[in-house]
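In what comes next, chain A is part of two complexes: it sits with chain B in the first one and with chain C in the second one.
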Partner chain A sequence: MVNIQSEKERIESWKKARKAELYINPLPVRIWHWLNALGFIILILSGTQLRYPNLFNVMSFETAVRTHNWVAFAVIANYCVWLGFYLFSDRITVYHPELNPKKFFDKAFAQMRYYGYGIFRGESSPHKVRPYDKFNPMQSITYQIVMLLVVPAQFFTGLLMWDVKRFESWIAFLGGIEVIGTVHVLIYIFFLAFTSVHAYMGALGRSPATHFREMFTGYEEEH
Partner chain B sequence: MMARTAVGNPALSMRVLLPALSVICCMIFSGVLYAQPQADVETEPAVKKAQDAIAQPAAVEQAAEAVDAELEAILKKNTRCLRCHTKDKSKTLENGEELSLKIHGDDYTSSAHGEIACVSCHEAIGNRRHPSKKTNITIASKRDYSLEMNQSCRQCHDKKFTQYDGSIHASLVAQGSDNAPLCTDCHSAHAVERMRDFRAETGYPCKKCHENIYTAYSASVHGSARSTGNVIRDEHILAPICSDCHNSHGVAAVEIGDTLRSQCFGCHENVPLLHSQWLPNAGKHLDIVSCAVCHAPFAKHRFDLHFYDNEAQTPVGNQEGHEAFQQKLKLMEEEEGGIDPLEVWKLIEETTKDSPSSISLRGRLEVSSGIWAHQIAPKSFAVRTCDSCHLPGHRQRMGVTVSVPQAGGTVRKFDTGGVDLTSVGTDDSTSKFFGVQSIKSKLLDIMALLAFIAGIAIPVGHYTLGQMIKEKVVMGEE
Partner chain C sequence: MNAKLQVLVIDDDAVVGRSFDRVLSDKGYEVSTVNSGEEAMDSINEANFDVVFTDIKMPGMDGLEVTERIKARCPWTPVVVITGYGTEENEARASVLGASGFVRKPLTPEMIESVTLKAVTEAEFAEAANETVAEVETAAETSATVEADKTVVVHSKAKKIAKNVGLFFAAPFVALGYVIALPIVGFYQFAKLAREARAKKQLNK
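== the complex of A and B ==
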């Protein structure tokens, strides 16, 4: 026999818990995030094949080039979704860095201590996630550099190499194709490590799936 | 009754004026037609007089008589020469060769020069100056005589001769080659024929020296189209023969720069568009990959490097301003038995360090021999797979040459013995032939490996650290 009372209590407690969740990631951000994640994985894999075909060879060279080009343009278009959303939304505050150095270092140190020790002892994160203050100080400054400098640089260098002849004068102005190619490869190297570490940190929620689920629903538990 | 004039009557005026206009047009057209020089052939004096006469109808009859008389005089003189020179006579030259003095009279009289006096070319042998045993002329060799006589062609064919002067053939002659062709090697000495009368598909005269290349050409899409009479694209454009790409008199090597590409694009003008529809980075590919690399599908490839003076916009070679470079290059080759592009690169830096001109190393992917370059296959056989060049190991299988243009348009190729173009050291020098994987550098490879390891090690390390701390906490609690 079903215990109706306990079932009602469970629903009520779920509703309370639901209310305690905050809407952190609006739909455009979630769409951008997952498409970007998929795009980055494909770009890293096809890029690895292009650069190291003797180590990683899962498709023909032509397929790798075409995939890399098309997905890159899709990721650029997707970036515009992200940029457009934040430029025309008051949520851009999530990327505002802490400008007070003392506060920044205090918070950053507390955050590092948390990830290096506190998290394993069940402590809660020193940074409280809020819709307009989503990132901890380290995330804020990292993502700002990544999204406004590193990613556009990768797009730009990739675009120049997509049609070397067409952008010949730009390439010459910037120091030649070796410079452009090397910058593109250096950023690829950065993302090779970044993507993996980012995915791992995504699994450091209350349960390994917590943050992933939150990135799909947009809601995060208030804590 | 009013007279019906042509002006007053439109129907009449059309009937009268139209034929009149037609006649006037025909006359003007005929005049223009006759006034046009016939192709490039430089007209012989007698014929020119006749043409002049045609241009002035009043003097036609008089001129014709003059021409006939002049021609008759020439033929008389020639007959006098041929009286002896149709016999089996020969002259022993200084080197022991026998120079035949026999002329096949019919061959000469029916040749393009048939109406020209023998002494027009053999100026040194006038009627009164004919060599005899007393005034014996010494000739070192047949080649020497041909070289001497070669200059007589310039008298009438100055334009063609100037083109020849700038050719790779003339350059080889100047360098002392005994095999490089003179005018008579292609046109023959006495049975002179206009080249346009030849059946080009027979390969004559180029085949005489370039038989392997001609064999490759004749099996190619161009050669077979030409020999079967097929036309390319439309009824007015025939498949190319040797002279269409290499020129007939200003014969040029098509190895450095954009010459060859320009020749191909001259007929295949939609190539950039067609390639851009499927080939990534089509513009750059067309710049640095020779057409034959893909269109001669079985050809072996090589990287051909050359140094380019960006100020003068010419390849660095044995031309004015680069003498020091060329001398040192020769020394380097003599001392080391080969040439290393990296050392040449250093040499260029040394020789130009006080000069404002900047020099870069340019390269092209070429087929490994001229024979392959002529074996162009039908379009359906062309290589369309990237893997054939971009798979690992392709570059290692290729030879690398350094081309240095010589005076006169020849190109000297130095074999490098297979320099590793993917090393860090060549990064600086790959600016103009960059391709995917070109900027291989061990430093970047190590960084990529470290990043890959970090991507695994950081999560694994952090997780392990967490487990250790948790265990400690549990043990502490216990």
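== the complex of A and C ==
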């Protein structure tokens, strides 16, 4: 005879475990993500006005500079929150590299095949998202490079240009303001492309809003 | 379980046993009497005694041998040697064999009571002291083990954190390596697939 009470408890505990399994993005990551998104959009727009005023001009040059600087510092502070969260939580494994090259390439090619072919045929992704392994191999290498090399490089070059006088010796050591400016702009162009691709990929869920909703709730929807 | 303290009296003179019984039985003791060392050993094998009194001069096994055997079998049981022939040599031997006390006949009721009480109390103190030492040793061992465990846990935690952080900061460089290698490996994989397809085609022909 089935004990209904214990059966109910079993189902409840299964649901709880399943829910925990699908809790991919904790609150600090979500807060960081959306603040970062907002900051990046403002930085890209204000940066565009500073560099290409003929292309985009919605505020005075001074306001654009002040906005760009303040938002940049806010984004740096926000980055520190992100860094602190990962350094001091067990979710740090999300940013760990795959140390087995064969495994990496096998998975990476499977993922590339999915993006180039399978996704258009309604196949499901070869990568199963898990709280401690949320990125597929392609996302994984991209975010590792972006978050730990490209973003800090952009902060650094931006900081040098923020107070040229104070960082004079650093600028001279790195080849002058032209070099620093060019690197900053190249990374800006990269981010322009990255955010566009990021938003496009974000719309590739079960419905265009699925992944965006997930980034607000923290829970991956059941597929 | 018997709440009364168990006393065993070994003496070939039944009067001694009766004296002990008369003095101690209404003071919370239960007195058993035997006439020889052999009988005493049988009783010891069958029951636990809180204190044993033994005469020295007995037919067969003498009191000192009985003391030695009892102490070998249950060293925690106090044995008091009684004799009408008290010599310094016998006292010294009894002491070496582990006897708790040595009393000389004739025994008065006060002597019986006080010697019994003394032997039992000393045995209880000794047991309590042993337990305390054991507890202290166990506590020290447990504490040492816990400290050792804590150190191991702290070390392994520190090691794990160092590994996690190391991998975290190494990740972009490993990723750059993969990015550079990806087209090369991709080309190799593609060439391999093409070669396999060609071989399959030729096989079909």
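We adopt the following convention: the second predicted complex is superposed on the first by the 200 of 223 C-alpha atoms of A that agree within 3 Å, B and C clash if a C-alpha of one lies under 4 Å from a C-alpha of the other, contacts with A are read in each partner's own complex, and residues count from 1 in each chain.
Note that a contact is a pair of C-beta atoms (placed from the backbone, for glycine too) under 8 Å apart; a residue touches a chain by one contact, two chains touch by 3 or more.
Remember, predicted model here, so these are calculated numbers, not experimental data.
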(request) Check chain A with both chain B and chain C modelled on it and let me know: fit or clash. (result) fit
(request) Quick one: classify A:Val65 as touching chain B (first), chain C (second), both or neither. (result) first
(request) Could you figure out whether chain B or chain C reaches more residues of chain A? (result) B
(request) Report for A:Tyr200: first if it touches chain B alone, second if chain C alone, otherwise both or neither. (result) first
(request) Examine A:Asn54 and indicate which partner it touches, taking first as chain B and second as chain C; both and neither are also allowed. (result) first
(request) Note down the smallest distance between any C-alpha of chain B and any C-alpha of chain C in the overlay, whole angstrom. (result) 19
(request) Once the two structures are superposed, pull the chain A residues common to the chain B and chain C interfaces. (result) none
(request) Using the touch rule from the top, collect the residues of chain C that touch chain A in their complex. (result) 164-165, 167-172, 174-176, 178-179, 181-182, 185-186, 189
(message) Which stretch or stretches of chain A touch chain B in the complex?
(response) 50-54, 60-62, 65-66, 69, 115-117, 119-121, 161-166, 176-178, 181-182, 185-186, 188-190, 192-197, 200
(request) Please name which positions on chain A make contact with chain C in the complex. (result) 86-87, 90, 92-93, 95-99, 101, 104-105, 108-109, 140-142, 144-145, 147-149
(request) Mind listing the chain B positions that touch chain A in their complex? (result) 280-284, 286-287, 385-387, 390-393, 427-428, 430-431, 434, 436-439, 441, 444, 447-448, 451-452, 454-456, 458-459, 462-463, 465-466, 469-470, 473
